[in-house]
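Each of the next two complexes has subunit A plus one more chain, namely subunit B in the first and subunit C in the second.
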Partner chain A sequence: MKLELGYIDIKGIRFDDYNAIEDGVLVVDPDELVKPVLEDELIKSAHFEIATPGESIRITPVKDVIEPRVKVEGPGEIFPGMIAKVDTVGSGRTHVMRGMAVVTAGPIVGFQEGIIDMTGPGADYTPFSQLHNLVLVMEMEDSGASAHEYEKAARMAGLATAVRVGELARELEPDEIEVFETPTIAQSYSDELKDLPRVAYVMMLQSQGLLHDTYVYGVDVKRTLTTMLSATEVMDGAIVSGNCVSACDKNTTYHHLNNPVIQDLFKQHGKTLNFVGTIITNENVYLADKLRSSDWTAKLAGFLSLDAAIVSQEGFGNPDTDLILNCKKLEAQGIKTVIITDEYAGQDGKSQSLADADPAADAVVTGGNANQPIVLPPMDCVIGTLDYVDKIAGGHDGSLRPDGSIEAELQVITGATNEMGFNRLSAR
Partner chain B sequence: MSKKAYIVVTNNPLVKEQLDETVGVCYFSEDSHRDLLERVRDFVHKGYRILTHPLAGSVKPWETPYRSVMITAKREEKTDLFSLEMIEQAIFALEKSKARPVTLNEKVLADFQIVDFSLIQSALPSAEAHGQH
Partner chain C sequence: MSKFRVVHYINQFFAQIGGEEKADIPPEKREGAVGPGLAFNKAFGDEAEVVSTIVCGDSWFNENLEEAKNTILDMIREEKPDIFIAGPAFNAGRYGVACGSITEAVKTELGIPAVTGMYIENPGADMFREKVYIIETKNSAADMRKAAPKMAKLALKLAKGEEVGASAEDDYIPNGIRKNFFEKKRGSQRAVDMLLAKINGKPYTTEYPMPDFDRVDPQPAIKDLSKVTIALVTSGGIVPKGNPDHIESSSATKFGEYDITGVDDLTADGYETAHGGYDPVYANEDADRVVPVDVMREFEREGVIGKLHNKFYSTTGNGTAVASSKKFAEEIAKRLIADEVDAVLLTST
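So, the complex of A and B:
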């Protein structure tokens, strides 16, 4: 499957009474853009705000981060099965509004989390501080609807807004074009590739119910078997986040669209390795599901005759068991396996990092210790509300100090210990 | 007693309220999160097997006082070592964070009940579909 990504660089966002992209600046009419959001009767109020890199702004509680894209050639539309009709995406050409994101913010449950600081020490820990953010702040109607329904309303509003914004890039000439092509099985044995190690990416997706779900082509991943897709499908929004919790190590929709493991495997494809496929698998609560899904991961890896695999996790806790099961079963087939995870090693970093472990997991990349304490200084402006800061994961009663600063753990920062390795900080 | 092949051991009042009529629920209202996990370990020692992972997914164990674990309804003669390893790991994970503050805000507690219920609810279709637990 061959996909061209045409990047339209966005250098700023401003409000006006029309929608356009002018000299790299996104111009939006916030009143017009918010109208379809408010058509959902579960959403009581909604408005847009702009957050620019370097500004003294704190966005919280963040639900999702979404990069606007539009398909300009080839079958399907962005976010198939969610916003668009189901059709196989991942080929043709897609325009990407690079350098910006639609961020959804607003409370869904009382301990929800997610902070993006646009400046200061917190900004170093989130990649989204470097983006021009169009923030959709929503408040839900107190109508007795379930938290599930609120999550869905917020998720759909964010995705639909990103699609409407992405549409503005349809007719523009990209600043840069990148081409990604996945091989068929037969092509993976071509003369140029056959002597390189056969490597696949195993992407684990959160799938545990309210606040922990992921959707592939509109299907709730907990109801699926481990399967394969083309890495280019992910770039067209085949996978979207329905995940609200664990800000530091949830994969937002932005992470899926810009998956760094996929990007790096493409960069090395045909040079140091042969990127033969992408396997997606779930992280269910039910133990038999964990055993079955990891069996299928190993089985599909066997079908692909892999030499090596890279496994990325999402979240922590019982998904650690899925991670270790996948690793053990791949290694048992002689497939060299690297896992990407993060750590909950206590504030001093001395406790066992994962809830599960095995000697087969001898090649581990960590996104960092989510328990690491951090003090976030007050910001001039808060987009959203600080009401939830005391309750968010990693925060605690007393996290919010009288001066507006926050004493918490890295867990509170959206994307801080991302397990795809999207992080901006590293130790060498 | 439930006619299902599984029961839910919980300290979450919402799980009792929602599942008691359709699924067997062993409800221990006074149990802390840790008490509940130790109780599940007792069940495992007696020959019951764990059917859902005893750790929450991405909700910090020290944050929530609620836990629900699905186990087999029928006791077997031997202790299942896989179940035992799971529950011991979960207790260990909770133990390492025992010094954490616990949230007591009513609204937050209600939401923790919903999320714990949602986790166990997500396992029900799998449990129903399984012939052999």
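So, the complex of A and C:
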């Protein structure tokens, strides 16, 4: 599959009474953009705010971060099966609003809980401090609907808003174009590729239940068998996030759209390696599911006749088992494997970092110790609310200090120890 | 500013007294830098200076461990140094053990910033890596030119009270304390680089060597359940509604003890989960799903078990350090033994 990404660089966001992109500045009419969000009867109130890199702003609790994109050529639309109707995406041309994101936030603790600081020490740990963020702040109706229904309402509102914003980039001339092409099995044995080591990416997806779900073409991943897709489909929104609890190592939709392992494997494709496929596998809570899914990972890897694989994890603890099973079963077939994880080594860094281990996992990349304590100084402006800081994963009773500063673990920061290898943070 | 005063420890070989045949010489102190001390003086530049060098034979040190330590500590104390360095010992085993021993003694007994250096396979490395900073060197003295500046850099950091970086940043042998730092490349790029090295049979270093787990052997099975008192202990975070002990949703620092005298069933009105790592909806609907008080009461009435203990213990396993879990377990076990509990049903999520 061949996909062209046309990047439209966004250098700022401002509110007005119309919608456009003017000289790289996104202009939005917040009143108009919020209308469709409020049509959902579960959403009591919603409004937009702007957060610019370097500003003294704290956004929390964060649900998702989404990069606006629009499909300008080729089948399907962005977020197929979720916002658009089901159609295979990943070919043709897509415009990307680079340098910005739609961030969903608001007081819905339990399924929204990350922190994004736009300046200060916390900003160093989240990639989203570097983006111009259009923040959709929502409050839910106290209507007795289930937590699952609220989560869905908040998730869909963010995705739909990003699609509406992305539409503004449809007719624009991109600042840069990048082309990605995935080979078929036959093409992967072409003269140019056949002598290079066959490498696949195994992407593990959170599927532990509410607050921990991921969707592929609209399908809840915990109800799927391990499967394959073209890496370009991911760039068109085939995978979306439904989770943000312990926000440091959950993949937002932004991470999926900009998957760094896929980007870095493409850079080497045809040079030092042959990037032959992408396998997606879930992280269910039942042992039978773990055994089955990892069996299928190894089986599909066998079908692809792989020499090597990179496995990325999402989350920690329970999914450490899936990670180690995947690694062991790949290595047992002689497939050289590198895994990407993060660590929970305790605040003092002295405890075992993973809940499972095996000698086969001899090549590990780490996104850092999520238990590391951090103090986030007070910000002039809070988008969302600080009411839940003591309760979120990584916080503790007294995390929020009287002066508005926060003493917590790195765990609270959205994307801080991402296990796709999105960041430079590591540990030894 | 005056220079930091440095005392340097070396063996008979590096003092150019002799090899194995001179390994039995007792400690002696010389003024200024000797042998590798010159490389250190160069590395310290204007900031520090080797004021005195202590030389001791490797055999003498290891055969007279306590006396050697005490004698050498006295010699060091007299110099009132700001920094102590030992070696580097490269791959010399007894020299490595001597460097590790004396560096640890200086650190703990004199409280002076102390650094040594050696090859990772030197037996001294395993013995002392968690106790003192050991700069990782190659296996021969040819590496002195590179090792001395690394040791000097870390020693200066310690002397100035600056924060020490991760082992990969400050070149010391991993000391069992995981420390965050920013790499030059993002993780995905490092993964691709590592994969290419692994494919091509080239050396690479894993960023996290697999840990050894602390396995606990199960107790022998209970022959007659009808006579025993069983307690419920969980890492599933079940707490009385409102979480009175404020147990954290992740990375717990405490556990709770909750009385269930007269409680037949953990209802949604009375109990909930504090755990942030799983879908809480079903545990909140019926906490017996995690802490099965209802079923245990049935067993109690039917005489299947002797008695359900009147307290249950709870914490959240989510992201909680093994060291914390161990601490909780030790305390919980003590209380269970005091209450004459015979067996525990341990539930997770």
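Please note the rule applied: the second predicted complex is superposed on the first by the 419 of 428 C-alpha atoms of A that agree within 3 Å, B and C clash if a C-alpha of one lies under 4 Å from a C-alpha of the other, contacts with A are read in each partner's own complex, and residues count from 1 in each chain.
FYI, a contact is a pair of C-beta atoms (placed from the backbone, for glycine too) under 8 Å apart; a residue touches a chain by one contact, two chains touch by 3 or more.
The shown structure was predicted, so the numbers you read here are calculated from the model rather than taken from an experiment.
Engineer: Looking at the overlay on subunit A, is there a clash between subunit B and subunit C, or do the two fit?
Structural biologist: clash
Engineer: Now for A:R223: first (subunit B), second (subunit C), both, or neither, which partner does it touch?
Structural biologist: After superposing on A, A:R223 lies in contact with subunit B but is clear of subunit C.
Engineer: Is A:T321 touching the first partner subunit B, the second partner subunit C, both, or neither of them?
Structural biologist: Only subunit B; A:T321 stays clear of subunit C.
Engineer: Once chain A of both complexes is superposed, is A:Y286 in touch with subunit B (first), subunit C (second), both, or neither?
Structural biologist: First partner only.
Engineer: One more residue to check, A:G368. First (subunit B), second (subunit C), both or neither?
Structural biologist: second
Engineer: Between subunit B (first) and subunit C (second), which does A:Q352 come into contact with in this model arrangement: first, second, both, or neither?
Structural biologist: The answer is both, since A:Q352 touches subunit B and subunit C.
Engineer: After the superposition on A, what does A:Q206 contact: first (subunit B), second (subunit C), both or neither?
Structural biologist: It touches subunit B, and subunit C stays clear.
Engineer: Tell me which of subunit B and subunit C touches more residues of subunit A.
Structural biologist: C
Engineer: So in the superposed three-chain picture, is A:E4 touching just subunit B, just subunit C, both, or none of them (first/second/both/neither)?
Structural biologist: Neither partner.
Engineer: Once chain A of both complexes is superposed, is A:E331 in touch with subunit B (first), subunit C (second), both, or neither?
Structural biologist: A:E331 contacts neither subunit B nor subunit C.
Engineer: Should A:L410 be classified as contacting the first partner (subunit B), the second (subunit C), both, or neither?
Structural biologist: second
Engineer: Would you mind listing the overlap between the subunit B footprint and the subunit C footprint on subunit A?
Structural biologist: Subunit A residues touching both partners: 110, 146-148, 208-212, 245-246, 285, 316-318, 344, 346, 351-352, 391, 393-394, 396-397, 411.
Engineer: Please name which positions on subunit B make contact with subunit A in the complex.
Structural biologist: Subunit B residues touching subunit A: 50-61, 63, 70, 86, 89-90, 92-93, 96-97, 100-101, 103-105, 107-108, 110-112, 114-115, 118-123, 125-127, 130, 133.
Engineer: Inside the complex, what are the residues of subunit A that reach subunit B?
Structural biologist: Touch residues, subunit A against subunit B: 109-111, 146-148, 206-212, 222-223, 243, 245-246, 249-250, 283-290, 315-321, 344, 346, 351-352, 355-356, 391, 393-394, 396-398, 411.
Engineer: Help me check something: in the complex, which residues belonging to subunit C touch subunit A?
Structural biologist: These residues of subunit C touch subunit A: 166-169, 174, 176-192, 194-196, 198-199, 204, 206-211, 213, 246, 248-251, 253, 276-281, 317-324, 349.
Engineer: In the complex formed with subunit C, which residues of subunit A make contact?
Structural biologist: Where subunit A meets subunit C, its residues are 110, 113, 124, 146-148, 197, 199, 208-212, 245-246, 260-261, 263-265, 267-268, 272-273, 285, 307-310, 312, 316-318, 336, 338, 340-341, 343-354, 357-359, 361-372, 390-397, 409-411, 418-428.
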